Structures are given as C-alpha cells and as structure tokens.
Amino acid sequence: MPIELKSFTKLLYSEINTKIMYKIDKTDINIVNALLEDGRMSASEIARQIGDISERAVRYRIERMVKEGIIRVSAIINPQAFGMDIYADIWVEVESDKILEVAKKMTEYENVTYVASSLGEADVSIQVVAKDTAEVYRFVTEMVRKFPGVRRTVTSIVPSILKDIYQWRIPNSVVENVDE
Amino acid sequence: MPIELKSFTKLLYSEINTKIMYKIDKTDINIVNALLEDGRMSASEIARQIGDISERAVRYRIERMVKEGIIRVSAIINPQAFGMDIYADIWVEVESDKILEVAKKMTEYENVTYVASSLGEADVSIQVVAKDTAEVYRFVTEMVRKFPGVRRTVTSIVPSILKDIYQWRIPNSVVENVDE
Amino acid sequence: MPIELKSFTKLLYSEINTKIMYKIDKTDINIVNALLEDGRMSASEIARQIGDISERAVRYRIERMVKEGIIRVSAIINPQAFGMDIYADIWVEVESDKILEVAKKMTEYENVTYVASSLGEADVSIQVVAKDTAEVYRFVTEMVRKFPGVRRTVTSIVPSILKDIYQWRIPNSVVENVDE
Amino acid sequence: MPIELKSFTKLLYSEINTKIMYKIDKTDINIVNALLEDGRMSASEIARQIGDISERAVRYRIERMVKEGIIRVSAIINPQAFGMDIYADIWVEVESDKILEVAKKMTEYENVTYVASSLGEADVSIQVVAKDTAEVYRFVTEMVRKFPGVRRTVTSIVPSILKDIYQWRIPNSVVENVDE
Amino acid sequence: MPIELKSFTKLLYSEINTKIMYKIDKTDINIVNALLEDGRMSASEIARQIGDISERAVRYRIERMVKEGIIRVSAIINPQAFGMDIYADIWVEVESDKILEVAKKMTEYENVTYVASSLGEADVSIQVVAKDTAEVYRFVTEMVRKFPGVRRTVTSIVPSILKDIYQWRIPNSVVENVDE
Amino acid sequence: MPIELKSFTKLLYSEINTKIMYKIDKTDINIVNALLEDGRMSASEIARQIGDISERAVRYRIERMVKEGIIRVSAIINPQAFGMDIYADIWVEVESDKILEVAKKMTEYENVTYVASSLGEADVSIQVVAKDTAEVYRFVTEMVRKFPGVRRTVTSIVPSILKDIYQWRIPNSVVENVDE
Amino acid sequence: MPIELKSFTKLLYSEINTKIMYKIDKTDINIVNALLEDGRMSASEIARQIGDISERAVRYRIERMVKEGIIRVSAIINPQAFGMDIYADIWVEVESDKILEVAKKMTEYENVTYVASSLGEADVSIQVVAKDTAEVYRFVTEMVRKFPGVRRTVTSIVPSILKDIYQWRIPNSVVENVDE
Amino acid sequence: MPIELKSFTKLLYSEINTKIMYKIDKTDINIVNALLEDGRMSASEIARQIGDISERAVRYRIERMVKEGIIRVSAIINPQAFGMDIYADIWVEVESDKILEVAKKMTEYENVTYVASSLGEADVSIQVVAKDTAEVYRFVTEMVRKFPGVRRTVTSIVPSILKDIYQWRIPNSVVENVDE
C-alpha cells in the first residue's frame, strides 16, 4: 500500500509554488514552541502558559498555521519501540532516466523512513529502519536492488541520530523579525 | 542556545537500553494512525472513529505510548513557510578524535534540521535548510568549517524530499502480530 | 597586481542584493542579440537592423542595460592568440577555514581565467591557460600548491571548450514573457 | 535551435591550426585594456586616453584584432538579471563512444552557459544557470540524463564566481615582450 | 565440487536463529583457552591443567560446546605450506540483482579462503591465496570476471595478516560475567 | 593483554623464510580432510576411516604436520554464541609512518578478529565483532580513532560470511601432484 | 601492423617460467654498467675500461647475457625528437571479460609507449605520446573509447618523467652477492 | 648513491628547450629500426641490410642521432633475471609544496624503475620491482612513507607489462613525411 504524500512534503516539480499568505507573529511562535514540547497540549493550557490570549484564539491560530502549511502536528513513531534498532542510509545510483520512478517506489516500502532525490554523487538517498543488519541487507538485496533502474547501492549504518526535523525550531533571525 | 535533546532521540552510547514494557495492541495502532493524520485530533473524535472505546481510554493510551517512548506527538515546522526553500546534505569529515564534539556542536546551529553520526565515508552527516544557496555556502564556510576538528566537507543540494520520518507508519509485519 | 572585481561578477556574500528595476522588452532583446554578434556594432547600425527605433534610443537602452547590470559589453581576449593553447581545470581542496582567502588569491594570477567556489568535492575550482603542459605544471606546483591553506589539487586538461558564457543567450522562456 | 559555434571558440579537432599573423604591440594592448573596461568605448575616446594615435588607427587596429581572432568584443548577459541566480557545474559521464555527440547536444540547451570536454574523471563538463535548484534538478533529470549516451551525472552548486574569462587580461610576460 | 557450508558459518538469511541454550561457565572458558593453544590436547591433559575436573567432564563439555555451536575444533591449513605465499583481497561489484549468486559461486573456487557479502562500496568481498601474483591475476580475469553478473573488481595485495579468527579469544567482558 | 602472535601467522618482514621440508602425501591429505570435519577426531577413528594405516602413524603424521606449520588444529570460537552478532570491516588510513604500530595495536583489542596490512586504498584493514552497531561505533570512535597515527576510518557492516579460512581445503592442483 | 612482443617482455600467463641458468659475476656487472652508459661502446673499449679481460670475452659475455634474457641492448627513440612533447597516462576500465583483448589491442597503436594490466582501480593502464593535448584527446575518444569492451577512461597528463626503465641499474644488494 | 639523470630524460622545467636541428630521412629510420631489433648490430651489418650506404655513413648517422638526442642506445636490464618478479605501481600523494623533492628522492631508490610527476589524482607516480610482495610492502612502509612530505600511497600490483618504451617505434605518420 503506497503512502499518499501529504501536501506538506516538499513536492518534486511543484509548479504551483503557492505563496504562504498568513503572516505569523510572536504569539504564533510561542504557540509553535509549546507544540514542539507537546503536540497534544490543550489550547487552554497553551493560552495559560502564553498569557493574554484566549483559548479560542490559540485554537484558531493553530488551525490557521496547519491549513497554511506552516506547521503540521503529527504523531512520530519511534522505530526502536518496535525493536527496529538499526538505522541505515542507502545511496542509490539509478539508470540515467529512472530517477523519479525509483524515488517514488522507495517511498512505498515500509522499512523506509526517508526518501530524497540528490544532486550529488547519489541520485536517490533513503533511510531505512530494521530489526538488525541482516534485515537491512535483505532489504537492500531483495527489494532495492531488484527494482528495475537501480544500478548500484552503497549502504552505511547510522549509529545515532542526534537531531531530527521534529526538533527543528524557528530560527532566531525569523523570530526577531516578526511583529510583536 | 543549544537544543536539549529529548529522550526520544536515539541516544549516543545509551548504556541503559531501558526495555519498553508496554505491549501495544490493534487499538493502539488505530490511535497512532489517527494521530499520524492529525496529531491534534481530540480523544473523543478518535474514540468515535475507532468505535468500542471511551474517550478516556483513548487519552490514557496516548499518554501511555508517549510516556513509554513509543510515539511522540509534536509540531513539525515547515522550513519553506519561512522562505527556507533550500535543503542541503553536508558530509563532514572530522579529525580522528573529535567526532562526538563536532556532532554535538552541529545540533546547536539553527539552520540544522538533522545531525547523525555515520559509519561510512563521512563521520558526521547533517541536513540544513536555508533561504538560498548563498546562505548554505556561508553556513558551510563560516560555521561548519571554522569549527575545530572539521577537516573537510562535501555539500550536496537536496532537490526534493519525498518522505520523512513523520510519515513513517508501523510496518505491517508488526501490525499483524499484535493482539486484537 | 590584483584584479578589481567588477560589480557584474556574482559577488560572494552579497548582502545588498540590489533588485534590478529596469524591465526589458522585445526591443532590448533585439539589441542584446545584435551585441552578441558584434559588441561594437554602432547604435545606428543596430537601429537600422531592428527598425522602428532611433539611434539615440538604442544608445540609451544599451547604457541603461549596462548600468543596471543586465549586460556588459567587453573585449574577450583569445588566449590562443598569445600561444596559450592549453586549458586546464584545477580543483583545489583547502584547509577548512581558508576557502575565501585561497579563492581571492587565485583571481590575481595572470594564468587564471576563471575562479569559483564550489559546494561539491572541491572547495575552489579554477581554470588556467598556458603555453604548454609544463607551464600548467609549474603553475600548479610553484604557485597554487605553495599558497598557504591549499591542501591538495587535481588538475585536468580541457581539450576543447564548445560554448562559453559570452555565447549564452537570453532563454526563450524569458524572451516569450517580455512585453512587445 | 542549435547555437552556431563561432570561429573564436577553441574548436574540437581543429585540423587547420591557422597561424595568427598579426603581431600586436604596446598600443594594441592599451586598446584591448580600454575595451576590457568598456567594450563600447568609442575609438575617439580610446585615442584620447592612449594619446599619440588617431581615431582611425584605433578603429583599424580593433577591426584587425577581431578579424585575426585575437579579441572578440561582445555583450555578455548577466543571468542574474533574469532571475537566474543559481549556477551549477554538472559532470557528465558518457557511454564510451558518445562523447562528442553529448557535448554538442549540451551546447544547444538554453540553460547551458559553458560546455567543455574533459580528460579527467568526467567526459563532458557543463555549467548551467537556473532560477532555483528545482530548475537545475529538472534540467538534470529531464534533459541531460534522458539524452542517449549519458550514463551518470554529478551536479555541484557554484555559490560564487570570482573571475571569468571576460576579466582575463593579457599576461605581463606577453606585455613585456611586445614591441613599443 | 562446491563446498558444503557448515552450520557454523553465519548463514545468509538465517530464518531460524536458534537460540543457544547452553550457559558456559569459567571451566568452559578454561577448556576453550586450552583448545585455542592446541585443538588436539587430550581431555585428560586439559583436566590436569585446569584441575578439579574429570577427563570425562572435559570431554562432555567440549562435545556440548561443539554441538551448541559455541566452538568448533578444526584443522586450519596453512596456505604457505603449499607455496601459496600471496594473499589478495578482491572487492566485487555485482549487477544489481546477482549478489547472492555471485557470492555463492565464489565459495566454490579452491583459491578462495574467505567470502562475505558487504554493505559498503563493494557487494561481495573475497580473499584468495595463490602461488604468485600472476596466479591472482589469472584467477581474477579468467574466473571472477568471467562469471555472469560480475561488473567490476578491485584487487589488493595483503602483505601480512597479523591476526585471524582462530586467534580470537572470548572477550574479558564475557569472561567476567560468567558463573564460577 | 596483547595477543602473542603464533608462528603460524604470516609474519610481517619474515626474514627467515624457513622452508617447509616435510613432503606431504595422499595419506596426509586424507588426515587433514578428516580434521577439517572434526579437529578432535581420535587418531584411531581417522585410521579406521582411511584404512591401511595404524593409529600411531596417524598421530605421528598429525604431530609432524603441526610442527612443520602445515596445519594447525585449534578451537575457533563462534562470536555469535556470545551475542556478538555484528561483523564489521574497518579500513584504517594511517599517518604515513605509523602503519606497523597501528596494525600491532589493533591485534590487542578483544573485539578484533582479523588484522591485516594492505597495499590498496587502506593501510590496515581489520574485522571486528560486536553485540550491536552501537558497540561497533563506540569501538571505532573511542578506540581505533583515538589511537595516535590513525587518520581516518571507513566502517562497513558485513551481513554474512559464507566461507572462512577454517573451511579452506587443499587445492586439487596440489592434491593431484602429491605422491600416492 | 601489430607489434610482435619480444620474449624479453614479462609475458602474460607465462606457463613456462624458464629458469635463467647463467650466473653473472662482477665482470658482467661492469659490462652492463658500461652498456648503460653507451649501448654501442665497442667490446675493445669496454675491455680497456674494465681491465684484465679480452675483447673476445666481453663480446661473449654480452651475447650470453642477451641470449639468457638478462639484458637487452636496444635503441630507445626520444618521442620529443619527433615533436611528441605530451605524455599522458590513460587508465582503462574494461567490460568484465575483455581485459586481455583490450590490453593486446592497445599495444598496436603507434602512439602507445607502454601497456600494462593492473590489479588496482583500473584494468589496463597505458602511456601515450602525442604532439599536443588535442592529439591525446583524439586518440582517447576515437581509438581507445571506440574499441569494444572499453567502458571508461581517465586520462592524466604526465608533466615530466624523471627516471625510466633504461636508467635502472642492478641493485646493490644483488651486486654485493655475486662472485668476484 | 643517487642516479645522475641523463640529458635524454624529459627534464622538469626545461627552460632551454634546445631545438633539434638534425632532419632525419628514410635511411635514418631504417637504421633506427635495425637498432630496435639489436642495439649492438655492427654498422657494417646495418649497411648490408639497408643497402646503398657505407659502414662509415651508418656509424656517422648513429652518432649524430645520439648526439642530437633523437635516439639513445642502451642496455636495459631485465629485473626478472635477478629474481625481481613483482612489478608494482605506487601513487604518492605529497604535502602541497614537496612534490619535486619527493619525486627526486624516489629516483634514488634502487628498487624504483620509473618516476614521473602527475597532474591527476596522484602527485608523483613510481614503478618498483621487487623479489616478492613483502619487499614491495617493506619498500612502501619503510622507504616511501617515511620520507618527509609523503602523505599517502596507494600501491597496485602490475601483473604484466605488454609493451614498454624501448619497443616504441617511430609512428607511421612521421615515417611517411620524411624525405627519401
């Protein structure tokens, strides 16, 4: 069952680069920071922490930011909770004219947590989670390398991830320039 | 201001590999799937969608899964909403005995969305977001390469990300083996 | 004697990204195309070729485009006319924190026709012209590699250049969208 | 519409290596330096700056040097003036016997500002300009890599160009040896 | 005549990862250390060296450890005793979907002492012994590279082996944690 | 506690290349094959299997072959029996004049099962066993890369070993040429 | 017209490794050294320089050493005397099973001064001489890369050769061990 | 004892590129071809084979060609005749400013048959002969890598040399253009 890519994803060949209209302010940033700590914090709790704002305003602002594609609030599953202790990066070299097909196929595999196209040495780079290195190897040899257009792979174990996208914060340079 | 790494992160040198005790079931998986769609869906709405479960039970199970480190619910900020259109992977080669120091330093930079140690050609790999390639370049030359212990970097533009960790689902192999 | 970089050059760290205000039209494009053929074609000859425009208007438009940084009209010296038959690309790997210094130094050498910073495997890439491969080698070993901060070079002969920047034309996609 | 390569270009397989007959002198060099500053400087202005030469002599010498292939005077279009802010180098590895065909095809694309054959790791190297990295990527995946004979590409962003061919001057070693 | 792989080998895709039930103690470790010195030391001699154990108990424990797959006692042939002085590592790059076939074939060649699959740059890595480098070369060009699916090989002479698997001892961390 | 290298090991810089004097025959080969199956098979059982030879002669021949360095009989410990499921190859690049020191140091680590010097891209190559990839990583970053003279490492997981030195047999070409 | 390889060449797959029977002494070495200086020095002049030997004995010893394949006396043509100033090394990667065919073909080209098979990254390495880099390039693209089985080439200019095989002398270690 | 480089060697930085004045003709080429077969063929025998030329003329022409640097006649020692069966190429990467020193030092080692500077990945490339791979390794680790300025080496065994410089002939293109 292929994953349906959400609009939040940075789309390939996004012809319509719809401009984000909503102009965030300091209050929005405070709300986002609260949701970074706990995505399920209630609007009333957020309002209490920030002060000078109603629960309803908090709820409205969250909805707006989600709708405008500024943030997304989502569960993130911990692969290790399911015994998937091994992370591996796989660089995929692809027959000259099959890059997009291969990249799309990779998103469908359930071991795959990340798929990106690349302009460097590799054509497509993916990250997988697995129970052990044998499962990584089986995935590489029986899935990735059997898919037509895949020419070569280099796999590298990722011993630890110290920061991931859901820990990224709005940069200070942005924070300092928003309206009070 | 350095980022405090959350316990959810796969820690480097995690001596105490605390076992996860909570045994999830089909209902938990349904809840997780709902939260993947919308991390702020109310417990009552989730209960309604799943059926045969009280709002309170949903709330309890979410709390439990978060506490046990099975899931995390979090805002994820869209860098593009702040004009940060450019994604780049940077592979960092480090003086033999400085890997951990460099990796930790990298997590502190606000352009950096991902930091991992690697067992392959690079020692540390990071992903950054930036307004344009000039900002990427400035970051590489003035931040990363000026940090002691960094020997060499190779930077590669990431034209598109087709799948990321917050889109990853519990694999079918796991789903099929949980209790009803 | 170091070369003074003209404002036309894509500057490193250009903080003031002065917006180009002048909006070109079809007539401007016709003028540019004429100047691509012969940069010294007189305004009156251009006016005659294009039709429906005065010599004075042609002169004004050229001045304007030059002033706005849209085009530059320049002599381009043919190195082969001076017996410099050999072109070589040199990729320079630089000590982590010396990229800009090295790049700037390279612009000063009179054998060097091109200097760019790079985000790939090399840190700085240059092109040189020389009388023979011995001169290329002498330049690499006695100039480039003796400059502090240069760690390694890879030199590659360029047997032929089939197109260069002064042969580049305004893309059709742009041409089609300008006003009549 | 393929570009017609001008005779100024260093031709591939140039069987007839016509010798340049015209012997330049110090006055010619002064004229060339003036035209490097401003390719449209009038002959009378150049004569005035140099002194001891008639406007007509200046005009004659320029014509001669152009005709002999010593210099070319041309408009050079600033890609950034058309919103093409991104420069990228693309190294193209080609099926063993398709090098020339691929190189020639590359000259025809309107994003391409530079095409050269290479004797190093790559077979053909090109430089492209584009509005953003997405356009670079689209060009690589849909144009370059779809052309028969292209086996592999490595793309690298060029954050800044500090010197280009139209800024190259006649080397001092040459200047010192010409007749007064 | 293909070699039958012994169960001791770390099997590819070992679906049944039979757990080892036997819990070794300090006495077992003493026995193993004796057998590392001399695999044919008699049970009575081992009993005498260790003390406080009967010959019969020693014999029983060895049998048990072999049966459980904890140790193997085997002759190891010295290739140099047969004039095979040259050791070489060969990295084999394989057509995307032929890894397992190629790896299996390699085990059958009598020059080959080691075959492993790899997740790095190579797909399969082997070690060979030979009388001289000419025999290595003949093996590479006439055997390995003629086998369908082999795309490329890189061969590297191994001037000396300072430690091999039969010299590996039970790590102290394990030794310290076993029961007296 | 450093490992004392046995004389069986292919020694570095072996000045005295003592010639092996003992000339093996078909009977010896039969004995070796028996010992490859089971290194602890009794001399009487071997004599019975081969036929036409006394137990004493078998014992004498084994002793002789061991003494002459033709074979070694040894326990080989299965790292997986101690929970060490992960095998990894580590290529070590060493400061120009430290190769031998680094190689010797590597033999002392208890995770290391194989150490060899190399004439290819790496200077020293080792194989390690570990409980998990985190232990591999800890070993690389805290042991190998902290040792003076180590400049760089590349680590690659070995998903499966299909053949190892203790499974190598006397080549047919040798077998066919020995006396009856 | 293919070159007939002389028996002096280190032959590929030399099954008959004919042992050299003639045992050289100090006098032979003196003769060889004289012939290294001037291959056409007359036997009488050599006899005079060495002393205590007849012209006839010198002649006999030279003939013997040539016949036994110890030395060869030959003209060596200086490519630069024919305007072939450019030396280039070409590394050729070959389809898995075509190494020998490609290597043999390369020996036939008249630009080629050296052909060897290799066990490293390349499969065949050659050296060529040419009038200029354009001729090198034409040779690579029209000859080498058009030959079936050639997959890829990397060409590198050789700016200077400081020592070549005809300047190699008998090592001191050999000289010291021969009989007076 | 360092080798004195003969003037025949293509010198580094040869400022005085003395032009070769002697114009060879068909007769010279016939003489050279005879000397390629046998460098010690007597002038009278050469005269007999060619016809229509006196012995004295042959002698004069040889002397002239040697003096003009067109040919050299020399003994070439067969390393295999001294038990040096192993050929290896060593690529040497050198500290940025030590290329020439390292290259010169390499010419002095008696195992070294070839030294060249390079403009590709390596800085200096050498070829060595040795009794066995252990001697190659000892040479690399104890000589080459201990010399100050040497940063890294990659060594590759050369299984066979199919053509060498002393087998190179005057190209047909040259032969066809000389006077009768």
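Labels for the chains are A, B, C, D, E, F, G and H, by order of writing; each one numbers its residues from 1.
Criterion: contacts are C-beta pairs under 8 Å (C-beta built on N, C-alpha and C of every residue); 3 or more make two chains touch, one makes a residue touch a chain.
These figures come from a predicted structure and were not determined experimentally.
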Partner chains that subunit E and subunit H have in common: F, G
Recurring contact interface, reference E-H, options B-D, E-F or A-D [over half identical by residue number]: B-D
Subunit A on subunit D, rotation in degrees - Cα superposition, rounded to nearest 5: 90
Geometric centre distance via CA averages, subunit E-subunit A, whole Å: 43
Distance from subunit C to subunit A - Cα centre to Cα centre, in angstrom: 40
Junction residues of subunit D - those touching two or more other chains: 13, 117, 119-121, 133-134, 136-137, 154-157, 159-160
Those chain pairs that satisfy the touch definition: A-B, A-D, A-E, A-F, B-C, B-D, B-F, C-D, C-G, C-H, D-G, E-F, E-G, E-H, F-H, G-H
Complex contacts: residues of subunit H adjacent to subunit E: 85-86, 132-134, 136-137, 155-157, 159-160
In the complex with subunit F, residue positions of subunit B that touch it: 13-14, 93, 96-97, 99-100, 117, 119-121
Residue ranges of subunit D touching subunit A (in the complex, touch as defined): 88, 133-134, 136-138, 140-141, 145-146, 150-157
Residue ranges of subunit E touching subunit F (in the complex, touch as defined): 3, 5-6, 8-13, 20, 32, 35-36, 38-40, 62, 66, 68-82, 87, 89, 103-104, 106-107, 110-121, 125, 129, 154, 156-174
